[in-house]
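Working notes, structure below.
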Amino acid sequence: MEVKTSFLPVWVVMFPMLMTFVIYYVEQHSEKMRNALSVATAVVTFLSVVALYPEIVAGNIIEYRMFQLLPNLEISFRVDILSFSLAVLSSFVWMLVAVYSVDYMCKEHGCNRYYPVLIITLASCMGIFMAGDLFTLFVFFEAMSLISYVLVVHEETVDALKAGYKYLIMTIIGGLALFFGIIITFEVAGTVSLSGPTLFGEPTALGFFAFISFLIGFGMKAGMFPLHVWLPDAHPVAPSPASALLSGIMLKTGAYGLLRVIFHVFGIELMRESGWTLILAVIAVITILLGSAVAITQEDLKRRLAYSSIGQMGYILLGMAILTERALIGNIFHIFSHAFMKSTLFLAAGAIILKTGKRNIKDLGGIGRQMPFTMFAFTLAALAMIGIPPFNGFLSKWTLALGAMDAGVPFYVIILLVSSLLNGLYYLPIIIAAFFGAEHGHEHEPIKVNEAPYKMLIPIAILAVSCLLFGLLPTNLPFDLSRVAADFLLRGGF
Amino acid sequence: MTDTLLRLHQNSYYFFSIVLFIIGFHTMLTHNNLIKKIIGMNIMDTSIFLFFVAIGYVRGGRAPILEPGAGHAYINPLPSALILTGIVVAVSVTAYALSLVVKLYRHYGTIDAEEIMRLRGGETL
Amino acid sequence: MSAAAHLPALTVVVPLFFAYLMPLLARWRKSWCAATTLAVLAFTFFSSLYLANRVMSSGPFVYHMGGWAPPWGIEFYVDYLAVFTALTISGIGLPVIVYGIKDLPHELKEGVLGWYYTLYLLLMASMLGMALTNDLFNLFVFVEICAIASCAIISIKESRECVEAAFKYLVLSAVGSGCLLLAIALIYMVTGHLNFTFLAATLPGVMAVYPKNILAALALLMVGLGVKAALFPLHVWLPDAHSSAPSPSSAVLSGLVIKIYAVAMIKLLYKVFPATFAGMAPVMAMLLWMSTLAIIIGSMFAIVQEDIKKMLAYSSIAQIGYVFLGVGLASHNALLGGILHIFNHAMMKAMLFLAAGAFIYATGVRKLSQLKGIGVTMPVPAGAFAIGAMAMVGIPVTNGFWSKWYLALGALDAGKPLFAAVVLVSSLLNGIYYLPIIVNAFFSKPEGAVAKPGRLPAVMTGTLVVLGAGCIIFGIFPSLVLGLVSRATRLLLGL
Amino acid sequence: MGCFVIAPFLPKVSEKLRRNVLVLMLCFMVLLAFYNLSGAELRDFTVLKSLAEIGLAPLSFTAHPYARMAVFGFLFVGAIALLYGLQVADPREQAVSLVAVASAVGIGFSANFVSLFFFWEVLTFSVAILILLKQTPHAINMGYRFMIFHVAGGLLLFLGILQHYAATGSFVVEKPAAGLIFFALAIGFKAAFLPLHVWVAWGYPTASFPTSVVLAGLTTKIGVYAVARILPPHPAIALMGASMAVFGICCALLQKDMRRLLSYHIISQVGYMVAGAGVAGYYGIDGSMLHVVNHMLYKALLFMSAGSVLLAAGTENLHDLGHHGEDRHVPPVWRGLPIAALGALIGALAISGVPPFNGYVSKYLLKKAMYGAGPAEKMLMFASVGTVVSFCKFCYFGFIKGRAHIKRDITFTMKAAIILASASCIVLGVYPYLVKNILPYHSKLTVYNPAGIITALQFLGMGLVAFFALNKVLERGIKPPAWMSMEYLFYGPIYRTVFRCCRIVSKLDRDLDHIYEMSGKSGSILVSFTQRFDGALNDAYEKSGGMARRLAERAEQFDSALDDAYGKSGELAKKLAGKAAEFDDALDNAYEKSGDVAKKLAGKAAELDGALDGMYEKSGSHSRSLWDRLRGRPTDWNIKNLNFDSFLMALMLGLFLFILIYYTRNI
């Protein structure tokens, strides 16, 4: 393993950022060009990330120091296996969502706002994943959080604005907490670089403050329990492709940040010694149960999905709290899985809402016969959520559970299972009603709609098939990446 | 008691400049009449000038003018010089304040602060 | 001695001189006023730059007015803090008056325009003087000039609110001046010196003999400068004064004037009063708590304001608290943050006031609730406002972030994480009152006057763009100013 | 495994092609079954070997002796069931049925727990979908319940597997080393252990009739297979089996719906098998496994018959069938549906364990295994009698006494399937040696000995007697009150509790939201309170009096004193500013005139008030003086006026007082 310098990470971040301006310019003239350019940007970004693969797979770390802001504080990029995994995942999903947006958004207002924001959010997301130090991470984290606000309030309804305001305030709180954490880290360690040894030596009170701050900051983004309130409001009101990204990718930035904090800032020994992970574990358990339980009572399709996201993020947090190797694999793989599953679900829900205009689950009886393809994708993803064997959701749950067993805490496994059952309780009725339920002619207008346009279907299909494939094929790329990444983190991560 | 009084007497310049200062303050504090406020301000300023000049004063000292064969004690000329500047400043502030009072009177038709508040209370800024 | 050697004096004297020329010029060639003012300010800016360059390369130096050596003559001490402040003043003053060229005729009566430039230059000159001077009484004189000029620059609008606010300001300012003068008297009484350097040398000895005297002087100084700098419980005059003034005045008052008193206080506290003094009186602790209150309560005041300029004015109260927080924490990083915030806040607040002014200029609307959709119809000012607001909240890549960064770091350095938390809480409060404005501006349907704003002159737009770009540039490259600030801090703390 | 590949395409292709493919599949399945039956060597087979690298076992298959027997049943009966539905079933149902059968086979052959779990879940879902495909609201409800129920079971299995794996580090299917309780529960879900049996009555009678044939074959038998394969033999299991047998039979007797009756009967029969597996031993396992096959055969036969009745007569309610009474115009069912009736008869005889039929063989083995097993043995005997009774009921009311117009004749394939199944029942009964190759322990199948036959006939006789005794009661059927049902007593509350919990949690969530909002609101209240901070502060200042008031007092005092001192001269400022000497004199005068005022000022605070009052009276003309306003008319004290300035000045005054004191002492 060696450290290499390459401009590529900077390119990955800067390219979409620059393209944003190009798109902004182009969209004044041609809508078609705008759409094409957005998709092309996402594709190029994805390919650029993929281009990192040979180096990464050879076990190298790519670093690039942009410039120094201050002594010991710089904008730097660093791509290790974990960064790469998440970057490739999110650019992939982004690409699909960009394709999906073309048809979804064509009837929406404010597309000229939507696309540049979509692309610049991609840039900041890449920035988060490729950040070489906490400061850079923080900068992009804030950028992403704030810019995605535009996506949240895109509809500009009263609800959206309200939810957006909540989101904004929570983002600010989270950002400030992060700031606090980073400041403490900087104060204690004199640097916030992620490429060196861990930054905290021993569990001090200040370190604990920092940990809590990081937990609040990243946990807020990840929909952690007491800070999740913005999530079920913000995700449903956003346009569906945006919700897919919000739920599928942007939540993961919080998880990613926490991973970095646990392994690079505090270090695994410190975490184990100090027992701070217990806090995380308790919160994770509450998050899982709460998310799943509340989802059951939701009537709005997207709201249900949003709550489900909270529950699923709980798994990821739990994986971090357990801190055994397999739990970690499960955790990272679940980031993948959940990204695929939730994106599928949201995109499918978006297609359904677009075509029928109905969001209430009760109204969706028989939709599976009208839009079999979409609903089939939905089903695949939902089954994956429940953790049915051949799907990727199963694989991640399985690995997580094994990790929990390794740690000797079967209690967590039980939590996982209870949550799975609850997942079943809220996903299955949708599917059953969609495929087998009658369209109640007397009460509602029978739903007579066509299948969504193919530009929407293809992304959905790709994601849904990914859900299946990445569970069915055990030597799939995401899992390998997760495995190597977990190994990498546990070996010290540098 | 007498000790205190004695000390007060010895430092009467200082003491009374402080008294004046407080008088000035009090005038600014309690009077609604804007002119009186300005007067208070002036009293306050004056008290400080007094104080400042008193610093430089030497009992029995003479004006610091160089005379042949003089063995006198001179009073310190610097504070006086400074205070000249201070007086200029005070005068200009007073002038400006008075002009503002004129303006206020034009706008409100009164120079009573309370009245002005009352008049302003009705309107939104 | 070339002209360059006299630059410290010229920096102050030239604007002072031209200030008095302005009314004449206005009578003679009205259109030259603005150009001359600009030229003068540009001169001050470049001379400050030159001084900065000189100081950075060869260290601080003194300049004796008229060649008189210190015990008798007035001395300018050109050190890092001084040039930093001078740069800030002229650097912000310049774009503000550029903006004013178009805005002022809109806000002021025809006849007084020339006078406005006079006052503006006076203000600038007095502030530059305060920054550079090394003499206590000289400082007082500049304080007085500054006080009158700043009152006048408010009352020049001649609306009843302006006059009233100016009067209020004047009265309180006079109180402050009185305190200051008394303090000077007290200090002079026991030391016999007015020069900072000499004072610093004599005070430790004197302190042993007359501790209470100096304590009283210190208290008076604090109160006097505190009133002028609108430190929390003494801030009452500020909201009215800053909100009713013409926009360029507000910008410069909020951005620069209150800061310059803070600079004066930094000078006095760190350069004049011996370090051991801090042990005798809890000055720093008092400052800390006062600034904490200022930060929190100022922000809370701002939340409930309806008027956009009033809100900005209250926000200034909070922001001056940041500066004093840095002063009070007295650790290297904190002081650095405080001083840096002088510059950063000057830039942000000037921009915010100017943006607000642009809104008022184009629509006549001052109520926050009526500014919905302004971002759609006036994207550039609203964008500038957004950047300023982000900077206020302390979002990274804006300059406001760095002040916060150093303040928080300094609080931790000083072993008082509570104050780091204060900084963060206030950021949150800032977010609470700034962000809804931006959100409303960009995501609501424009109504009424907002829907059809008047045309904004290119100069005003340009100023906003320049300031906005400045916020971002100094956010991305904080090291542009940090070198200077860091040296200033080191010098002040004797590191 | 081909079923998996082909199944999804079935509904799409044309009718004819579908049938041909299906027939081919059936033949293939039958061939497989017989290949299996022949006892040929089956090699272990592993796919996805790479899974092993990641700590998961690959999907691997092995032909465990137990499995071969079960798999034979699954394949053979599955084929018959599909044949039955070939012409009448929904294509989607056929497709899913194939998947279900395939997954059952998969479970049977699974060599490790991962594949087992995988197929377990597939089976769950395919069966649930089979039920759901009926698409009536009732079916959807039941299918949903079924799904949740079995997903829960699957998760328990998951947990068990995890524990086992954590304990042993291996996934090979064996008796679990840890997590036995989870295994038992999970298998209990599938095998319809007693409190977990409720889904049987949800699922089977609800599905469409061709489907229920498939279902009858698969689900519970997988459970039995798992019991035998995974759970360690234990008397408790045997006892459980026995009680299931009794319970099932009791419930079955109460039913009036043909397929419901059969469904409950499944519980009963599964009870036999579980009991056999529980006592283990050669006979136990062999009997149990053989019974699996046999039971699948005759139960499928019975379901087919019932289905035929349903198709032909439009109802399967025994009461409805008997409703026509003695109406001569309506022919009895057996006449309309002779083949179905024959099938039903054969099935009934087989299930009752009457000698020449296959049921006898396995029951014989089981009886042998149970010999001396205590109460379980007795219970099984009772269950045997009950079986006879219930099937008398089934046949008598359904086919003999029941009359119905034959609305639609049963199709050819249905007939064929019934005949095939009947024939198999007889063949397996007469010549049980057919299966000896795949019997796990190769027990001797010499079952036709007099003692066994007599016992069997005894049961038959007792059953018949009992039936005729209870004829009338049974005809009406007994509907036990709702509160006695398991759903009502047990699962309903659980389900409702879960939902209530969820509601509570979501309420908590809303509360949390609310709390945030409230904190925001109270924050804004706080903030708007600070809006009037000026006023409030002043109020406080004004009311408390305190230092500020005293300071003001003193200021007043000075003022009054000086005013007094200078009397009516009025040229105070001039004098003060101008002449210091005059000032001294004047002060002296003032001291003299105002008596002890100055003294008090300097030292005695105690006498201050009195002096003040005295002075105050003197300066009575000061109507607007501070003191007056403070003391007399507080409302006059205009807060809005420059009184923050006042506050400030009070502060200043305080400051100065201190300065004064320090100063005078110091010099």
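Letters A, B, C and D name the chains as they come in the text, with residue numbers starting at 1 for each one.
Just so it is clear, a residue touches a chain if its C-beta (ideal position, glycine included) is under 8 Å from a C-beta of that chain, and two chains touch if they have at least 3 such contacts.
Computed from a predicted structure; not experimentally measured.
Taking the mean of all protein C-alpha atoms as the reference point, the chain centroid lying nearest to it belongs to A.
More C-beta pairs touch across the A-D interface than across any other pair of chains. Averaging Cα coordinates per chain places chain A and chain B 69 Å apart. If you average the CA atoms of chain C and of chain D, the two centres end up 65 Å from each other. Computed centre separation for the pair chain A/chain C is 44 angstrom, with centres defined by C-alpha atoms. Here the spacing of chain B and chain D, counted between their Cα centres, is 86 Å. Multi-chain contact residues of chain D (touching two or more other chains) are listed as 642, 645, 649, 652, 659, 663. Shown for chain B are the residues that touch two or more other chains, namely 21, 25, 28.
Shared interface positions of chain C, i.e. residues touching 2 or more other chains, are given as 171, 175.
Those residues of chain C lying in contact with chain B across their complex are 137, 140-141, 144, 147-148, 151-152, 155, 158, 160-161, 163-164, 166-167, 170-171, 174-175, 177-178, 181-182, 184-185, 188-189, 194, 243-244, 307, 310. Chain A makes touch with chain D in their complex at residues 166, 169, 226, 229, 232, 289-290, 293-294, 296-298, 326, 329, 383, 386-390, 395, 398-399, 401-402, 405-406, 410, 413-414, 417, 420-422, 424-425, 428-429, 432-433, 435-438, 473-475, 479, 483.
Against chain C, in their complex, chain B makes its touches with residues 21, 24-25, 28, 34, 37, 41, 44-45, 48, 51-52, 55, 79, 82, 85-86, 89, 92-93, 96-97, 100-101, 103-104, 107-108, 116, 120, 125.
Listed in rising order, the residues of chain D touching chain A in the complex are 48, 50-51, 53-56, 58, 117-118, 121-122, 125, 132-133, 135, 137, 139-140, 143-144, 147-148, 151-152, 154-156, 158-159, 162-163, 165-166, 498-499, 501-503, 505-506, 508-509, 512-513, 516, 520.
Residues of chain C touching chain A in their complex: 390, 393-397, 404-405, 408-409, 412-413, 417, 420-421, 424-425, 427-428, 431-432, 435-436, 439, 443-444, 476-479, 482.
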